[in-house]
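Each chain carries a letter (A, B, C and D) given by its place in the written order, and its residues are counted from 1.
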Amino acid sequence: MMKPEEIFELLKQKFDDKIIGFENELPVDSYIVVNPLAIKEVSKFLRDNEQLKFDSLMCLSGVDDANEKKTKDEEGNEVIEKGTLSVYYHLHSIELGHKVNLKVSVSVDNPNVESVESIWRTADWHEREAYDMFGIVFLNHPDLRRILMPEDWEAGHPLRKDYKNPEFYNGMRVPY
Amino acid sequence: METKTLKTEELILNMGPQHPSTHGVLRLELELEGELIVNVKPHIGYLHRCFEKHAEAMTYPQVVPYTDRMDYLASMSNNLGYAIAVERLMGIKVPERVEYIRVIMAELQRIASHLVALGTYGVDIGAFTPFLYCFRDREKILSLFEMTCGARLLYNYIWVGGLSHDIHPDFVRLTKEFVEYFRPKIVELNELLSFNKIFIERTANIGILPLDTAINYGVTGPMLRASGLKWDLRKNDPYSIYDRFDFDIPVGEGEKGTVGDSWDRYFVRVQEMEQSLRIVEQAIDQIPEGNVHEAVPKRVKPPKGSIYSRVENPKGELGFFIISDGSVNPFRMKVRGPSFVNLSVLNEISKGHLVADLIAILGSTDIVLGEVDR
Amino acid sequence: MNLYDIIFYLFAAITIISGFAVVSSKNIVHAAFNLLFTFFGVTGIYVLLGADFIAVVQVIVYIGGILILLLFGVMLTNKITSVDIKSGTLHVIPAVLGVGIFAGVLISLMYTTNWKTSVLSDPGNTTIYNLGKLLITDYVLIFELLGILLLVALIGAASIARREKD
Amino acid sequence: MYDILTNIFGNQIVAYIIGAALPLFVWILPFVLFAVLGERKVSAHMQDRLGPMRVGYHGILQTVADLLKLLQKEDIVTPAADRKLFNLAPYIVFLGSYAAFAAIPFSSIYIGSGIEVGIFYILAVSSFVVVGILMGGWASDNKYSLLGAMRSAAQIVSYEIPTAIVVLTLVMLTGTLNLNTISQQQTAYFWNWNILGGAAGSGITQILLIPFMVIAFVILFISTLAEVNRTPFDIPEAESELVAGFHTEYSGMKFAMFFLSEYANMFAVSAIVVTLFFGGYQSPFGYLGNSLGIPWLIPVEQLFWFLAKGVFFVFVQMWLRWTLPRLRVDQLMTVCWKYLIPYAVFNLLIVGIISLL
């Protein structure tokens, strides 16, 4: 059994700057923030390390952080700082019984995250769902298609906070 | 004369969305070689009702009826999972009476859900009679629920911090009667279906799910246990008051074939019904007096933060990932439905089997499309 | 014309019309299904000839066995149904020659054969008894040889069809 | 029988036509109406429910209502279907099952055709059913239908073999293919039935035969069950896999034809079992007509016994259907080729040796 703090220290030693930080001010769950392009390496280490053995990915969720900022620059023009999309990984070790949560954040413009599908097959459909709902692109995912929405859905990614219902779908009026 | 090598083509067969054995609106795209399965591609989303998007526009108590509609065969358990998640986020402690009633309800719901799973599994294999026997017994459970909260399918019963109603004065007596009534029915089901030679032939050694694959795919619930791992959140990550009861975790033993085959998945459910009866029996005698509304907050407004909370549903691990931004609406709610994850392993375990086996395998995964698509 | 004549002409018509349909049909599956009626008509004629056992064998072997195998073959090769079958004549002169010779032989046979035109003395009499007796007395060797031949064919088919263990 | 009809109608042709149509209207249609309701009631009572209760007393008229509904239904032919064959198939299937009734002896005076090759003829005409099913399955232009038809054809063709071998066993014992003669041999009391070795006459041979006749009966019953596609062998129309198998695309009256032939088949195979093993139309306890001295009562009694035995075996088929799960297609073939056929051949040999003793 290892506490998330200890795991964070271990990861920090091993991966150095690929581990961005540790969010612990939240009342219930804490997160180790990881570089989106290093998440696969980190995951592999977490799964295979003898002390850690995180053999099970309980849940993988995309989140729209909705943290875009509108600021005014020196000339008074409005500058929009684009928000971020995050992916939360809830890991659990069946053998050792400890849990840890990872988090990666990417900007809306360039939402590329390394896929962990090859580490935990659970991630396959969950990543497809996160792609479908948020447009987060999982690099090296073998079959990144929409999963819940129709394959020809063109109105964007529904769970983003700025999503607008389309008026028409394939020429048919969407009621409501 | 020139000779050409014979070219064979794979037959693409669409099973569903309207098909008697897909247990809802699921479409399976089968690549067949004759009747042999080369590849199964599940297409889901036909029942997508935007639960997660809806939840963001609702206050926390308003979400409860929506959770009912995910796994509509185990609404009580969904309610419980959600209520526990929000309570953990807010740090609410519910009265003892509520805990006991919740456990009883959840276990009755587990029996009801397993009855549907076993009955429809019989239909998948071609035995229609056990199906009606199972539904007859399930009706009795539904009547208990109806007596408690007025609904037979979608209960909205377990609230954040409490329950919507207290139980009916007759509930305890009738539940005891039900336990007495139901015990012999499990034996009957075993005689009629579980140990039927043809049934065993159809299900043993079919769709074997090895343990490491199961864990890697995140498979949970009876499916994982059938693969041989003693893993039950009620024991391994106890919530509510499950640590006070004495019950066993049935696991697949490969009695009729290999560990983790369809028969094991089936039989684990049968054994779980017995264990649930044991829990109900223990809990029903100990219900303390109290007010079920005592801990229900006037205004559900969790602090800023997030939680991933999971409970053992009849079908597996139901997880709620809730991010709160400190307002009365959840900022983000993600549901990790057990059916969703369990379905994803289908292709892996059904390759190389016949179409008829696919039905047996799909039936043994016991999915509810309401939960897969949410 | 009595009842038997009517029935005979009925069966003859069925045989000829469906036989023509078999060779002229553009759709190979239709052709195969038309064979059903041809075999059926022939069966009827056998019955009228008093060969009840042969008639039943005709049904069980040709309809129950050969036709079904044929249909299996046609259906399993799914591309074959869309093939446009040519039924026009390719080589007129050889065809005319062949048909002419065949027709001549048939006609000469018809005229030279001593047809037995007398009515069967006992229509209820069956051929099974005599057939069986002949098969295991005079023709027993051929009968056994055929049996072995079929067995060999069966074993061969089974060994071809058996799936190789990977 | 035709003599009587010729006397009544004065014309041989009319007599033959009426004689041929008689089983259809006098027995098959009423039987199907009764059997469909019976099946629903049997299943209902096995499953702790009541079954149809609304139309008539205890739902007696339910099947009639269903028939009327089917008659009124729109006749749907899918655009891609092969219209001609699609329309023809149900009739060919029904032809196959109906033709079998010609050689079934209902009573000593009522048998459609007393042909000498009776039982062999019944085996032969069942091939029409296969062709009809293949035709319907192919013409529907539906993958489920095609798979169902293929399975059905493979199944029926395979199970004809054990059926034929068991029939051969019986033919060897009785020395005839004529079902009427076989029935006559089992006259008087039930210990003369073939299942109790009746065909061998009497003495030690008869007692020795009993176990092997029981085996023969079981094999015949299983394989005929498979030939009529009933559970546990209802693979061609396995609703959980193939929706409805070869008749997925059929509706209305054409669907009803398939239904009709299925139930007619159920009775036909029961009739074969009854005739070969259970004394056919013979009464198990002697005839009332004999003891009362009323000769015309005997054929009526025979008819009663035949139908009663037949309906009993139809009931057994229903009973099995609502109890057992379904086999898989390869298991079905295994049962046939690895178990039934070797046992049947072995049984044939032993019965042959015993009867030579």
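FYI, a residue touches a chain if its C-beta (ideal position, glycine included) is under 8 Å from a C-beta of that chain, and two chains touch if they have at least 3 such contacts.
Owing to the predicted nature of the structure, the values given are computational and were not obtained by experimental measurement.
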Centre-most chain [mean C-alpha coordinates]: B
Of all other chains, the one whose Cα centre sits farthest from chain A: C
Averaged-CA centre spacing for the pair chain D and chain A, given as whole angstrom: 65
Whole-Å gap between the CA centroids of chain B and chain D: 44
Chain centre separation (chain B, chain C; CA means) in Å: 60
Cα-centroid distance, chain A relative to chain C, in whole angstrom: 71
Per-residue multi-chain contacts in chain B, two or more chains: none
Sites on chain D at which at least two other chains make contact: none
Touching residues on chain B, where the partner in the complex is chain D: 11, 13, 19-21, 35, 122-129, 132-133, 136, 192-193, 196, 198-199, 201-202, 354-357, 359
Chain D to chain C touching residues, read off their complex: 12-13, 16, 82, 84-85, 92, 114-117, 120-121, 123-128, 130-131, 134-135, 138, 146, 150, 153, 157, 160, 177
Complex interface listing, chain D residues touching chain B: 43, 46-49, 143-144, 147, 231-232, 234-235, 238-243, 322-331
Chain B-touching residues of chain A, taken from the complex the two chains share: 26-29, 55-59, 61-64, 66, 88, 90, 94, 97, 101, 120-122, 124-126, 133, 146-150, 158-159
Parts of chain B lying in touch with chain A, wherever the complex brings them together: 44-45, 48, 50, 52-53, 88-89, 91, 213, 215-218, 229, 231, 236, 303-308, 310, 317, 319, 321, 323, 331-332, 334, 336, 340-341, 344-345, 348, 373-374
